[in-house]
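Right after this note come the structures.
Same chain, two partners: subunit A is paired with subunit B first, then with subunit C.
Let's turn to the complex of A and B:
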């Protein structure tokens, strides 16, 4: 019998950016997690700039942040799977996600990557994913959305 | 306490590390990208790759709520600009500047920098303790550095030898207040006669240094 090629994990942190990749990665994570009954933790990080103290009440009052978590939970529910949602505020999204993965003992981090180009045409990966790839001790699964047809 | 450190050289780097270890909230601004990335890799996301001489970046770094801004770049002009902006645009309660050229110290003080750290002056002072580089030693700075305690070593040929203290034309803003003769400290009174080997302790404004030297040591020993 052929071995499954799907990623195996027991506990995964799903990075929720609040963008268009959230639904697909939660749905995908839920499908993959079912096989091993893995735990899914959806984490959305609200970045606090240095003009405010880190403990300023920003994330808790943010409706959009709450909506990100609601959508993720609903997407997981639609896939008949449970996702625990966590809202954090931090100075740096990448560092907060890595810290959360370490703290939770996650063996997988799932991150969505929208297909974007910088002015000039180069593909833009941003700063968060390279940080995670460089610093996360667990496995990292980067799911890039499909290239728009006109750019393919 | 929230400390904004500008300049990611050796001083800024170690200062930031120490402050973090002491539990303070710190942001380090470094304008060189490679250096900023290098420090960020080591100490984390407290490093901003921005030029602290620009007000908008100081604001982004949180100067509006900083308790202290420490400008420790290798460039005196930058350090002055950073402290000036921190003080006057962001009302930072305490500004600290590194001054590389001791000649700039007065300007920094005049322009309201709260605290000035001059590594050059400190090293020079330390060297002078052991080697009489110019026979006029800077022993200490007083207050915010507007006055200095200076030791003048009276040596052979000094115009001060054999003269009573009251006959010396002391520059305005300076005063003799003690001397050490054969290891014994003494008060300097109007009748005290200076002798070869005396170490005269004076207090005065840094500007008085040249006149003090002329009076006590003479012109010929200028280093």
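Let's turn to the complex of A and C:
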């Protein structure tokens, strides 16, 4: 159950990386969205490197990309909530997510932060989350993955 | 990016799709209409994951699983009184002793079933216990007896519920069959919608009946102690003792016992449903079984005792039941309490009916999975219910009700035999179980089950012998017939499985047989052109066959064929006797014989052009010859029939059907030719 201190929003873009954090952030977003009947947009971006044209049909033919969105939809349905799914391909994931949030008029972006277990363990913040934090047109909710000692 | 699959499917793993409801949407208008009506009647389809797997606490499990057994007390007393009255009115006083004897039997049976609950926490129906401990045949005998038991529960409980209603409102007697049938239809629909046993709503009728019955017995006992027993007038349709009464001999007592033993029906329900209990399942189920037996015993003896002291007399089917007479005397005829009690009795009887609607389809599904019933019994319908089992149960029970005119007394003899067959097989199976498992305390557990087996077997013999002529012979014949039928079904499935089996070490290599395509040609039209294109995509060896009884038409067709469809050989088979299928089959045989003997026979694809009717009523106008051809070609060695459908409203027909040079003539062809019926 979402706590009363959970952020409120009307339309949220949920960034789906295809990793372990997707299910928990969609479930959490659905729980929070229920209260205000907010709109959830799950976005998965397939990065196209410079060896291919941007309009090459990569994401549309990629079963794994489709699966990321399908699993997110199923997670939302299990929480009895609707999630609109969007598949994008872009040169840069962070920029594409921010553009989508601007275009959709989102008032919240939800991103998952995975915990890297190898090399002593640390949060793998990468380049996408800092980009979103700096450039997002709205509030950003970073949901970190539970650390191994918390899961135990 | 577009996601064309997302409307219909969802990826759940690599190379694995899950269909969404949209994938099952009907595509024709008629199917959509049927779907709408079905959804209105039965509710929206449920996904498999929506199945409720809830566990029941004892306070809910007791009323839900005991309704069948406890409701038996509503008609068991009548069965005793109707026999004893043959020895004169004075013999009715023995009814209490008979009821006590049955209660002793109930004690032994329920103690025996406590052991089943302990040994089979995953549910120990008589079928499972007999199959695992005795033999497959014993399991099937138990299953057949259970099927009969469930059907009889529906028929007897419905008839009895209706008789409770016309005990209050006698004018309902004339429409009792109609009321019973409507009730069965409603319960069937509710179960097809996926009605669950669980839920407070199902506990209420049992508690209401038990509470009211205990109140009635208590008030009755109070009146007896106080010496204020009311004078009970002779009820309508009373059965008067015969002018020459029978002596109260052992045989009459045994008959009364056999009649009253129907009170034990439904006792096994708790043992079947152990997995539905909250943990510890076996202990909770065992305790619930004890509670149920105590309640049933108290109610049965109580009603019989109070009825005895009040001078209640048996009636014919049209008259009030014994329990209705007792409640009428205690609560006052026509009083609100009397009406409420009768309603609660009818409700608990309907609940007992519902128990069978849950159990019968489940047993049929288990047997279907084991290969003893047609496979469709194991398939769940849109609402997760085993629809086939539900419908078959309702149909057979309804037939029985009509055949026996809704007469409980006539139906009872068919009931008890099946029940005691189950009891006996189950108890004997448990004796074997304890001997082989040697769990702690196995000796005394085996002794209890052994005693139960002996007692229930003796009662089975008594019930079968005494009620043989009254209808039990039907059950005695039906059980072996059902067993033979189930063995036959298993034999068929095993034979087909053997014929279809692929050895695990067999590696499937690319085909070595060559292929050829034969197109059946009625004329030249768009459907035929499409069939030719399909045939050419199958093989380079394509022959079009035109069977005709008109040489002029044949000449004309050949001239047109060679001009419009060059490169595809046309063979004209003249058929002076106007036959179609015979000459085609003969031609295929000739082709086979002409095949080089050193090569394996080729796979022959018979390509049949077909015009797709847009409306259901159009189907009778077209494709009759295609259907005939399909029927005769089915089963021909190395032959595959390929239907090539052509729709009138096909959007891409100009681009797909014809080569560029043929496209120019397409409009003329569209108007010149009738739809592609081979006849």
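Throughout what follows, the second predicted complex is superposed on the first by the 137 of 152 C-alpha atoms of A that agree within 3 Å, B and C clash if a C-alpha of one lies under 4 Å from a C-alpha of the other, contacts with A are read in each partner's own complex, and residues count from 1 in each chain.
By definition in this document, a contact is a pair of C-beta atoms (placed from the backbone, for glycine too) under 8 Å apart; a residue touches a chain by one contact, two chains touch by 3 or more.
Bear in mind that the values here come from a model prediction, so they are computed numbers and not experimental data.
With subunit A as the common reference for superposition, the partners subunit B and subunit C occupy compatible, non-clashing space.
Between subunit B and subunit C, it is C that contacts the larger number of residues in subunit A. Once the two complexes are laid over each other on the shared chain, residue contacts for A:59 go to subunit C alone; subunit B is not touched.
When the two structures are aligned on the shared chain, A:91 is found in touch with subunit B, with no touch to subunit C.
Of the two partner chains, subunit C is the only one that A:74 touches; subunit B does not reach it. In the superposition on chain A, contact of A:21 is made with neither subunit B nor subunit C. Remark: in the superposition on chain A the angle formed at subunit A by the CA centres of subunit B and subunit C amounts to 140 degrees, rounded in steps of 10. In the superposed model, A:49 makes contact with subunit B only, not with subunit C. For the pair subunit B and subunit C, the model built by superposing on chain A gives 20 Å as the shortest CA-CA distance. The contact surfaces that subunit B and subunit C form on subunit A in the two complexes do not overlap at any residue. Partner subunit A is touched in their complex by these residues of subunit C: 1-3, 5-6, 10-15. Taken in their complex, subunit A has these residues touching subunit B: 49-54, 91-92, 94-95.
Put simply, subunit B touches subunit A in their complex at residues 2, 25, 27, 44-46, 48, 59-62, 64-65.
The part of subunit A that touches subunit C in the complex is made up of residues 46, 57, 59-60, 63-64, 66-67, 69-71, 73-74, 85, 87-89.
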